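Chain naming follows the written order as A, B and C, and within any one chain the residues start at number 1.
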Amino acid sequence: MKSFFHVSDIGDLSAALQEAAEVKRTPFAWKALGENKTIMLVFFNSSLRTRLSSQKAALNLGMSPIVLNIGQDSWKLETEMGVVMDGDKSEHLREAIPVMAGYCDIIGVRSFAGLTDRAYDYAETVLRQFIEYGGKPVISLESATVHPCQAFADLITIEEYRRGPRPKVVLTWAPHPRSLPQAVPNSFAEWMNAADVELVITHPEGYELDPAFVGNARVEYDQMKAFEGADFIYAKNWSCPGVTDPSQYGRVLSQDRSWTVGTRQMAVTNDAFFMHCLPVRRNMIVTDEVIDAPTSLVIPEAANRTVAAQVVMKRMLEDLQP
Amino acid sequence: MKSFFHVSDIGDLSAALQEAAEVKRTPFAWKALGENKTIMLVFFNSSLRTRLSSQKAALNLGMSPIVLNIGQDSWKLETEMGVVMDGDKSEHLREAIPVMAGYCDIIGVRSFAGLTDRAYDYAETVLRQFIEYGGKPVISLESATVHPCQAFADLITIEEYRRGPRPKVVLTWAPHPRSLPQAVPNSFAEWMNAADVELVITHPEGYELDPAFVGNARVEYDQMKAFEGADFIYAKNWSCPGVTDPSQYGRVLSQDRSWTVGTRQMAVTNDAFFMHCLPVRRNMIVTDEVIDAPTSLVIPEAANRTVAAQVVMKRMLEDLQP
Amino acid sequence: MKSFFHVSDIGDLSAALQEAAEVKRTPFAWKALGENKTIMLVFFNSSLRTRLSSQKAALNLGMSPIVLNIGQDSWKLETEMGVVMDGDKSEHLREAIPVMAGYCDIIGVRSFAGLTDRAYDYAETVLRQFIEYGGKPVISLESATVHPCQAFADLITIEEYRRGPRPKVVLTWAPHPRSLPQAVPNSFAEWMNAADVELVITHPEGYELDPAFVGNARVEYDQMKAFEGADFIYAKNWSCPGVTDPSQYGRVLSQDRSWTVGTRQMAVTNDAFFMHCLPVRRNMIVTDEVIDAPTSLVIPEAANRTVAAQVVMKRMLEDLQP
């Protein structure tokens, strides 16, 4: 695997899920793979789960993680080509990427969407530079438009908890005080489309996700209707994806608290499990009752982040073996 | 050991001191214990000794440390229950704690007192949430009211340097430009009360420590009288503990430089050793002469932080063995 | 090796270069040396290459790196003696150094020049305190006046790419928007003087480097003349070294863009390789054309940072063996 970015990078999903189950059962069984290997975890943005689960996954595989916080441990990096660098950025990605790649065997990169220029974000400019200039396998630790480590962990969790074949999975928008990227809902939709589930996406008008990620999902603007008979509710806020009007990209179009997931909505589901990628704003995204209920999967879902990351790193390490 | 918080958690002190001596002699003898084990070191506040000695202790035991700086590597965490999270805090401790615990085998937490609400601080709200929601052994790396890793290292140091049985140990307040927590004097008093020493506590009026920590110690408001015949002087600043008047909690009541430990006070001691947990403000807490004298133990005391942390982690790892 | 600071610390350069080639060929051959050993990497300033290559070098040798960012992970440190510490600095280097040294086997320190007081900077006050108070081997990870890890990596790179004996190496000043230290040009000049190369240094008047580093190099104020027939161009900005007038120390005397290294200057060289320590300001220090040309060595030069650091650490570890 040269990069982990889209669902297609993981290949057959049944095989991946089976491998995830094995990794979860015997996490230390592949420690020889990571011997003398180093993974560089580069953070342009804050992180809790991704930062920790990636380190844990690497350690489980016998690999040494090196963490770098750009703009904190290091300086700010220029990402545009052809500029005269007389401002506040001391180094260009064009140098920084191959340099960092030279000190490791795998690179993971967190680089959020700027949410001001849709074309720039959806071109995944930063991540693509890592792939192009690094010459080492690259893992997206949430980049501008995708968060595949999260979506893979979500799929593992759904596989573990589903009560039958082809569960109904509802991805629902929920309110938030700030403008957030679309990476999580994009990847979740992409992975659910590839998996054996019935996917419904619900959000207020204007929040339509990019068609490349929506795929064959049913889009339903009535949240209550969408929730009917659902087996899994996956809540997440996102800002306007700007699909029809790019000038709206990144805007907060609604803070409608009637979309906050509560017992009212959960009542019409098939006793659905509640999921969220975390961090979650309590009583904005979801009420205390729903997230504290026994059907809430947010903690096992987070724990599966290690499993997902470990499968991805394991495959990359296997490809690196002589 | 499920948590390391109070002196009672370490059990018999003689046994603990003997184990500390063994760990100091052969620090790498228990590396098998930590194999495939991870300790998460969570810092809500800055740290030098605790950060480094905890990592070193973990490495000595063959364990992998993962360090997380809250609000720097990650985002700010909400600690109150039931709030609508529409402010600057992106995640609740209620999620963050079990998530972090899911990626490790032991958690260490540094979380200073806020020094504005005595009841909140003395309830050890943050640390107790780690114990309640984490489900993993928890080490206080200085929490609101205690700093047991420091006190254990202090006891080890006194045991190493005492010239006879039952030494006289004086805990003295000293001036400082800022308002500081009571965690260090609290734990020092608690541990000395449990140890075989004669404990005297001296400070200006109004700085009375919580009775739960003062125990059977003699409190003496005349610093010179307290120092008479002392074998060990342990200096530390703390802010008003607010025992009689909680509204005074956290205030700086005095900056009286006559309390700065100098040769004048040391002259009436039994050629006492000088101790301080560090960081120390020179010529505020203690004069250059006293801290630079051969009787100053601040450096061996800091070095014993690794030994203390290693004994605690070793016991936790032993409890985790199948 | 008790410290790595000046070129003389590495001893015979031919032997060092041969050892570097071996380390590069079989980086993991000395993992037993670092068993149970810890290196403390202390950063008073930001770092990318040094931070990462030092960690990688330590890991290659089986050693555990512990990274500490002063003023971020920890608090600010006082460096002056005899002061009453009633300001914003919580701890004195006099304590912090032996404390840190107590938790490791080797210390690396990054501490940039302040660029306001020439005498203070050129006395290498901070680094010398680490050597004096730490009692452990000390590596300069760029201190006030030298950057030996960089210069050693530069020498390794020149050795790898030179087309014949005694190449002509030109160190050229180039413009930059900010005031930068002289550590890199100082060490480069020092190492080149000790190596078998013809060294020419070129810069606008007023930028004369300290004679202790210039050594026997030819100084040429006409950049084009200096470049004639050169085999390696080493570009770097530095601020006024204040050799003749200490009051000018640290000033930006010129931002003359005609000194930016471009195809015009490279045309008069012997198809010279271009080198820079990075981070580099594109189109200030060097044009895109020159740095993106096949003769640009900035990436292999950065990769050799691991090799240089590993040779230094390897020798220190060998000296620590019983």
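Methods note: a residue touches a chain if its C-beta (ideal position, glycine included) is under 8 Å from a C-beta of that chain, and two chains touch if they have at least 3 such contacts.
Since this is a predicted model, take the numbers as computed values, not measurements.
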| item | value |
| --- | --- |
| Arrangement of touching chains [line / ring / star / complete / other] | complete |
| Copies subunit A and subunit C - rotation angle from C-alpha fit, nearest 5 degrees | 120 |
| Approximate Å spacing (C-alpha centroids) for the pair subunit B, subunit C | 39 |
| Where subunit B touches two or more other chains, by residue | 72 |
| Contact set on subunit B toward subunit C in their complex | 27-28, 43, 46-49, 51-53, 55-56, 59-60, 69, 72, 177, 278-284, 288, 291-292, 298-299, 302-303, 306 |
| Residues on subunit B engaged by subunit A in the complex (per definition of touch) | 36, 38, 40, 64, 66, 68, 72-75, 78, 81-87, 90-92, 94-96, 98-100, 102-104 |
